[in-house]
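Here the chain labels run A, B, C, D and E in written order, and each chain numbers its own residues starting at 1.
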Amino acid sequence: MSRACRQAIHASLRERLLNKAIIQLNQVKTHFPYRKNWRGQPAEWLRAVDGVNLDIVAGECLGLVGESGCGKSTLGRSILCMAPVVSGSVLFHGKEIQGLNDAKLRPLRPKMQMVFQDPRASLNPKMTVLQILQEALFICPGFDHRRSLERSAELLDTVDLRPEHLFRYPHEFSGGQQQRICIARALATEPEFIVFDEATSALDVSVQAQVINLMADLQQRLNLTYLFISHDLSIMEQVCHRIAVMYAGRIMEVQRAQALFGSPRHPYTKVLRDALPVADPRQRRELATLPGEVPSLVHPPSGCRFHTRCVYATDVCRDAEPRMSVIDTGNWVRCHHHEHLQANDELKAQPLNRSTEIKETP
Amino acid sequence: AAEKNMVFASPYGITTLDPSVSYSTELTYMANIYETLIRVNPPGSKERFSYLLATGFNASENGLKYTFNLRKGVKFHDGTPFTAEAVKYSIERTTGLGKGAAFIWGDLASIDIVDDYTVTFVMKQAVPLPLIAASAYASYILSPSMKDKDTAWFDQGHACGTGPYMLKNYKDGESWMLAKFDDYWGGWKGPHVENVLVKYTKEALIQLQMLQSGQAAMVGRIPLDSYPAVKSGKDTTVVYGPSYQNYMAFFNTTRPPLDNVKVRKALAHAIPYKDIIDIGFNGMATQARGPVPKGQFGYSEKVVQYNYDIGKAKKLLAEAGYPNGGFNLTLTYAAENPQEARFAPLIQSEFKKIGIDVEIKALVWTSQWSQAKADPKNAQDIFLLLWWPTYSDPYETLFSLLHDEGDKPAWNLAYYKNPAYDELIRQAYETTGSQPEKALELYVNAQNLIQADCPVAWLVDIVGNWPASKRLKGLAINPAYPNVPFFYDMHLE
Amino acid sequence: MSLVPFLSRRLIGLAVMLVALSALVFFFSRSIPGDVAAMYIGGMAKPEQIERARQELGLDQPLTLQYVKYMKKLLSGDLGISLRTHRPVFQDLLEKIPMSMEVVLWAIALAMVLGIGFGGLAALRQGTWIDEGIKWLSSAAVSIPIFFLALLLQLIFFNLLGWFPLQGRIDTFLEFSNPLELVTGFSLIDSLLTGNHAAFFNVAWHMVLPVLSLIAYPLGLITRLTRSSLLEVMSQDYILAARASGIRESVLFFRYGLRNALSPVLTVVGLSVALTLLATFYVEIIFNWPGIGYYALTAILSLDYPVLMGVTLMIGTVYVVANTSMDILRRIVDPRIK
Amino acid sequence: MMKSNTSVSQPVLRVRNLKVDFPSSRGRVRILEGVNFSLYPGEILALVGETGCGKSVTAKSILNLLPRSGVHRHGEVFLDGCDLMKLSNAAMRPFRGRRIAMIFQNPQSSINPVFTLGEQIFRLIRMYLSDEIKAVQQRLNISGRAAVGQIAKERFEEVGLTDVERLLKSYAHQISGGMAQRYRIATALLSSPEVLIADEATSALDVTVQSHILKLLRSLCRRKGTSIVFITHDLGIAAQMCDRVAVMYSGRIVETAPTLSIFEAPRHPYTQGLLAAVPRLGSGKRLANIPGMIPDLANPPAGCRFHPRCPQVMACCKEEKPPQQDIDEQHQVACYLYGEHVPCLPTGHSRQPQGAIVE
Amino acid sequence: MSDLDFKQLAEKAAADHRRHRRYLLRLVFKKRAALAAAAILSLMVLAAVFAPWIAPYPDQGKGEVNLADRLQPASFNHYLGTDVYGRDMLSRIIYGSRISIFGGLIIVVAAALIGVPLGLLAGYREGIPGAIITRVVELVLSFPAVLLAMGISIVAGAGFATAVIALIIPWWPWYTRLVQGEVISIKHMLYVEAAGMLGYGRVYILFRHLLPNILTPVIVMMLLDFGPAIISIGLLSFLGLGTQPPQADWGLMVWEGAPNILNQWWIAVVPGCAMFILVTAFNLFGDRLKEVLSIDSNQ
């Protein structure tokens, strides 16, 4: 996808956002029972996703980035109704899907698919590729064995595999090929929306490039909408239109991809960007670090969740939850100080509580 | 010098040590610890009875009153002197508890103490009281000083009799010692075994090895096939003697095809008696001739015997309408009894030759018994039983096994009903005391009645035996007290 | 994390388990055909006698009521009276358990020590003839039926070689000179307690063959498990990392590796205790060892249901206790276990 | 950024023609077919390559950590002129940990889970630092035990671990990945080894944690004069951290050069392909990729193992292994495209359309 | 794409998979112990199946007594001697293998048939059904198996069928445990989630995804359980609570022969050895198969 093309999409995105988002999340909370009391009822909850608002526009690729364990996968699963959402609403094409029973969800399922990080684990080792694809195909009406064979071969072709692979078992493939089979399975139901949950993290650079190219091509060809979960910002910039930054169960910032890298609004985004080792020895720099540990999702910090590790944090951050500050349509940030940050990158508020930072000795 | 200690590897366990309640294998030891008033002598002896705690007795004319003169100067193990009170106390304790073999005193009206050494038994019926008083069960005399002790106390390993041995060092299920009672009235002059360690040993193989390796001077039971070797061994021998125990097979007469007397007779002819004796008992048995074992009063050569004759069996079957057999029977035996396990297959194999398939089932004794009693329609076809009389009189056997008990029998497991038979044995019982010859004739007639109907196949009478060391002298078998070795009579050379 | 809630949870579990177990055994053993009262009277009892015994034993009452009564008594440690021996079952158990546990504990302890040793050795010398040999032997050990092994041992070591005694726990001649007096019921301990040294060595000598027969299966099991578990552990990252930091192989193996490999082994040890206790049924028959196995076997052949219940409850308790204590050990050995 | 003076000093670690064969169900498999590289004092060498190309095997065979049964090793590994390959397992022991240390990818799984961190580090301190224990003992006038604790505390603080008391009593599963890796660094650097081999030491960690660890490693090693072999598949880390980069492909190092020259002017077609596949911020370009798959090691292609995927393949590439050639003093490449003898020209080898690498 | 096309491809892949399976099989037999074990096993199975044709004296094998030849040592007439009833030991052993193999098979298969579904349920529905099943499993496991088996034998009357049933009852929980553990670890696998995401229901997932993937460990366990099952049948028979005379069961034969062991040792030792050899063969073969399967799954 060329840069010009992407900019064109961005231009139209704004209008479409106003009209219709394919997925709308409103104050979604997904909690897991963490500890049970003696009666076996949960006494404490692990708030993996804790009040997320997010719109995903048809045809876009929305990136979701964040630390390990901050709830990215859970958010992805919540959208697909595969996680115990406790409150909030999930709209698909404007229709509430959260809380529907299995039977009601069944016709919607094919429209939303997911591709996981570990391709090996997402393919049943006891089924051939054909059986795996057929499983997806037979969900849709009108497939007999013949049709499904042909369609499976087509799907493999789509992901650059050959028909003879149909009769092989997953373990006979390399990681990249396995991931392509997963993508083929996701495509089999002709979905509108696909969640890629760290779909390329386990792959080598060169294989990753193959898969990412394939994803981009498919999106254009089939007019798909993606949620692209990753913790690698450099890939996001390559494939995503907008990026959402998640921290401890909350979305901190949503911005257009270029803008996010150019002028991150949230201090956390800034750290993420600056911690990224850029593959260019000419751009050597001090890699940014975050003090402290990842906050517990069982007892998340008060106020702004990031305040315990934020160098700009002030008292207000500790006390008050920051509002969503809209930057422009579809882009927003959750930070008390984003305007100051924007105005003055050097602004340093009094640090609240920081654990000792590593001193670099000459 | 003669050895005073001996080891007896015994398969006979102790279920209770209470002499009033005892009705099981512990009699092996009881008769050495406790004594009865009199003891029945083995057949062929000069006297009918030996006198232990009684020195003599006489019966009243009508047979309802027996007066015993008691021995003087006898002491119990705890030193209590033996008097008539002890006799009254012991027998009344037994009847009062009503357990075990207490039923043998069922016709007792009262026991009257005449003086310290004279006691009178008053009966309701004319029964052979001396036999009862000589019984191996329920007739022991224990010390009145144990008045406040209950069965549980005895079962802790306590005993207090007048016998030559005291119970010591009792380890239930493992071993116990019969130790010399210094003040035994018989005295300890002459050669006597003084201490007997009873080593409870269930397995025949181990008993054999203990005997052969000299670890035991006598044992209860050895593997059948090793009898020849032990008999002819350098240091070992086997002491034989008659026993009043016999094996029989009840036919379930309530159900076809065994409700047909011809079929039953055919089966009785098809039983391989010789094989059973040779292989099942290694020769230590004789073919039975009815319910009364050889040597016991009531036994007679005049009783008809069924012989092994396969041709006759086939003919009888054909007459009964089963020309080639063609039916199945179930046979049960007591799982605890290795002897039955050994000969049951012989019967099965032989019956197969006349076209009858026998399914053999080993059931725990109580299960086997319950199944036979509960409902004749579901009961086994053939029921193997080992029987021994409580006291040596045929009436108990004949009455228990075959008199009409209706549909809920205790022992009449053939469901045999014959009023003529019932009448015959009742008459015989009542005449036993006064006219023994007449009684015998009646008993023979009764037995022949049975043989004609063939509700039971009488298999074998067992020859009692004790495998023992050659050095052990004085070991003999008294058929009235099968399984009781009288240690006092023995000594080691 | 801490031991107290864990233990209390296990204890409650144990109690529930025992109640369930007792109910199961009670109703099960009472469904066995056989006239309990007749059995209690013994021999050729008359119907009225049996009826009297039935009332005495409370057998005329409804089964559930009997169970409730049984449980009430159970709580006060009263397991009823044996129908066969007429002695209190609890007292009998107290006498018999030590006799069996004595051999069982020796067997388990030796099996554990030797099994871990052999398994460790095999893993250490993986692929060599030592490993092969140990593998074969342990395979053989778990494949030989215990009754057959016991018979063979007896045949070889008593009949052919005469090295070990035939039967029982003490020589009969000692019963005259130095009779074994029981205090705790553990004959080795008791002979020491009563200063009966002759008996001590004699008893130990008598124990060899039964213990050898009992040991085979758990030894084979533990050896095999230790070997495979250790091999797996030795290929883990942390062992590699420790090796990379120059820790001596022996330390690596016996301190680092073994402790990590121990957890599954301990589970099996726990299971083996109950298993071996059951195996004593056979060993006790063959070696004429007067323990719980013999006792239970006699009880079963005479349908002595109070004894059966007692034995079952006891073995169930041993099972749960052994497993629980092994779980505790596992938690100590491996802090990851929740 | 300091640049090590590679041309002057002697290499501290020299690996020559390292070959490793593994047994496999399909016969022997040559995992390494002649690995050569040198590590100079104070430098950080990146070893990059695709999955399964033999990076970890290289690292492990330096310390003789490969499984012993059936694995064959050939070649030389010189540490200060001493050939480690000739040493027995026992003779290796003084080198392991003391002179060459190693850190693995997954920090939690490389800490023994059943011992506390304290128990493990104390053992190492007693093993490596007996002199220092005595010194501390005398200085603070405390028992040996306390001295060990004191040293552990110091080393923990050195790597930025706070709350030492609690950590010493913790088990591996109770601490986060970042902490675990710091602990591993602390133990690896206890004895100030000459060489540290970090095998994907940060791959399992978050970016922000990763940057912590990278900084830490660099600063500590600089201070202690430790050279690092940094195995990674993240070219970003290579670019940011390392002085030189060695690119590995299927059991061979195909190109070695200072970081700058590798990134600016990669010579080997594989290196070129690899770099083209790396996403770069702001490039907006479609990623290039290398067609095909890594070869099956049980049945490797003849000649240069890269030739089936190489866009510039020549006839000779299929026949013989290309020798190592010097582009310049610090830049070596194993490819027939360079150097004085070019035995043949590119053939019209059929290439898949997407295979063209366009820069 | 034509129909033929697919058929060919499928054929080719199937051929490859067959080759792989053959390769695995070769791998199993590469170990000589496994080869020997397999040879013994097949011999014994053949002997069991064709017993009436192989046994020199089939009738005696079935139990007919032959009192003329009692207690004979090995000879050309009776290669392994004769027993207490003069029956040919070789024929008895051959007939006995029927009971051992058949009994072992029934126990193992039935235990799996009961245990696996329960384990699936317990693993898949971790809530109340899972808790109940876990408790029941614990309960049955803590019940002394031999006693239980004895009890059942007594209730139902000793015999082959009751012995087998008596052994199945304490046996199935092990399968439930195994399967429960496996299911719990598999059900969080991503492919299960993927199927859920396609809209497939629980039952489908249970049978299409979970069941096939737990089958291998179950089969391995069944194979390794064969030995213990055979021994257990023998154990019950030895106590007189299993197979009844005159059937030829090895455990029973040892019991019958034990009293004669001092003089006619072969009567007890031969069946004991037969049992030992068969069980060892099963164990060795099972171990090797497990080894190879684990190698395969690592690939």
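Keep this in mind: a contact is a pair of C-beta atoms (placed from the backbone, for glycine too) under 8 Å apart; a residue touches a chain by one contact, two chains touch by 3 or more.
This structure is a prediction, so every number in the text was calculated from the model and none was measured.
Novice: Among all the other chains, which ones are in touch with both chain A and chain C?
Specialist: Chains that touch both chain A and chain C, as defined above, are D, E.
Novice: Applying the document's contact definition, name the chain pair with more C-beta pairs in contact, B-C or A-E.
Specialist: B-C
Novice: Looking at C-alpha means, what's the farthest chain from chain D?
Specialist: Most distant chain from chain D: B.
Novice: Hey, how far is the Cα centre of chain D from the one of chain E, in Å?
Specialist: Here chain D and chain E have centroids separated by 50 Å.
Novice: Could you put a whole-Å number on the gap between the CA centroids of chain A and chain D?
Specialist: 31
Novice: Using mean CA coordinates as chain centres, what's the chain B-chain E distance in Å?
Specialist: The answer is 47 Å.
Novice: Please tell me the distance, in whole Å, between the geometric centres of chain A and chain B computed from their C-alpha atoms.
Specialist: Between these chains, centre-to-centre, one finds 90 Å.
Novice: Would you please write down the residue numbers of chain A that are in contact with two or more other chains?
Specialist: Chain A, residues with two or more chain partners: not present.
Novice: Multi-chain contacts only, two chains or more: what residues does chain E have there?
Specialist: In chain E, 154, 258, 261-262 touch at least two other chains.
Novice: Under the definition above, what is the set of chain A residues touching chain E in their complex?
Specialist: Its residues touching chain E are 80, 82, 102, 105-107, 109-110, 112-114, 116, 118, 121-128, 135-136, 139, 146, 149-150, 153, 163-164, 166-169, 171, 182, 185, 189.
Novice: In their shared complex, at which residues does chain A touch chain D?
Specialist: Interface residues on the chain A side: 1-3, 6, 67-68, 174-177, 204-210, 212-213, 216, 231-235, 237-238, 258, 261, 271-272, 275-285, 287-290, 293-294, 355-358, 360-361.
Novice: Which positions of chain C touch chain E when the two form their complex?
Specialist: These residues of chain C touch chain E: 17, 20-21, 24-25, 28-29, 31-33, 136, 139-140, 142-148, 151-152, 155, 159, 274, 277-278, 281-282, 296-297, 300, 303, 308, 311-312, 315-316, 319-320.
Novice: For the complex, give me every residue of chain E touching chain A.
Specialist: Counting only chain E, the residues touching chain A are 1, 3, 5-6, 9-10, 12-14, 16-17, 189-191, 193-201, 208-209, 212-213, 297, 299.
Novice: Which residues, counting only chain D, touch chain C once they are in their complex?
Specialist: These residues of chain D touch chain C: 60, 63, 65, 67, 69, 89-90, 93-98, 101-102, 104, 106, 109-115, 120, 123-124, 127, 171-173, 184, 187-188.
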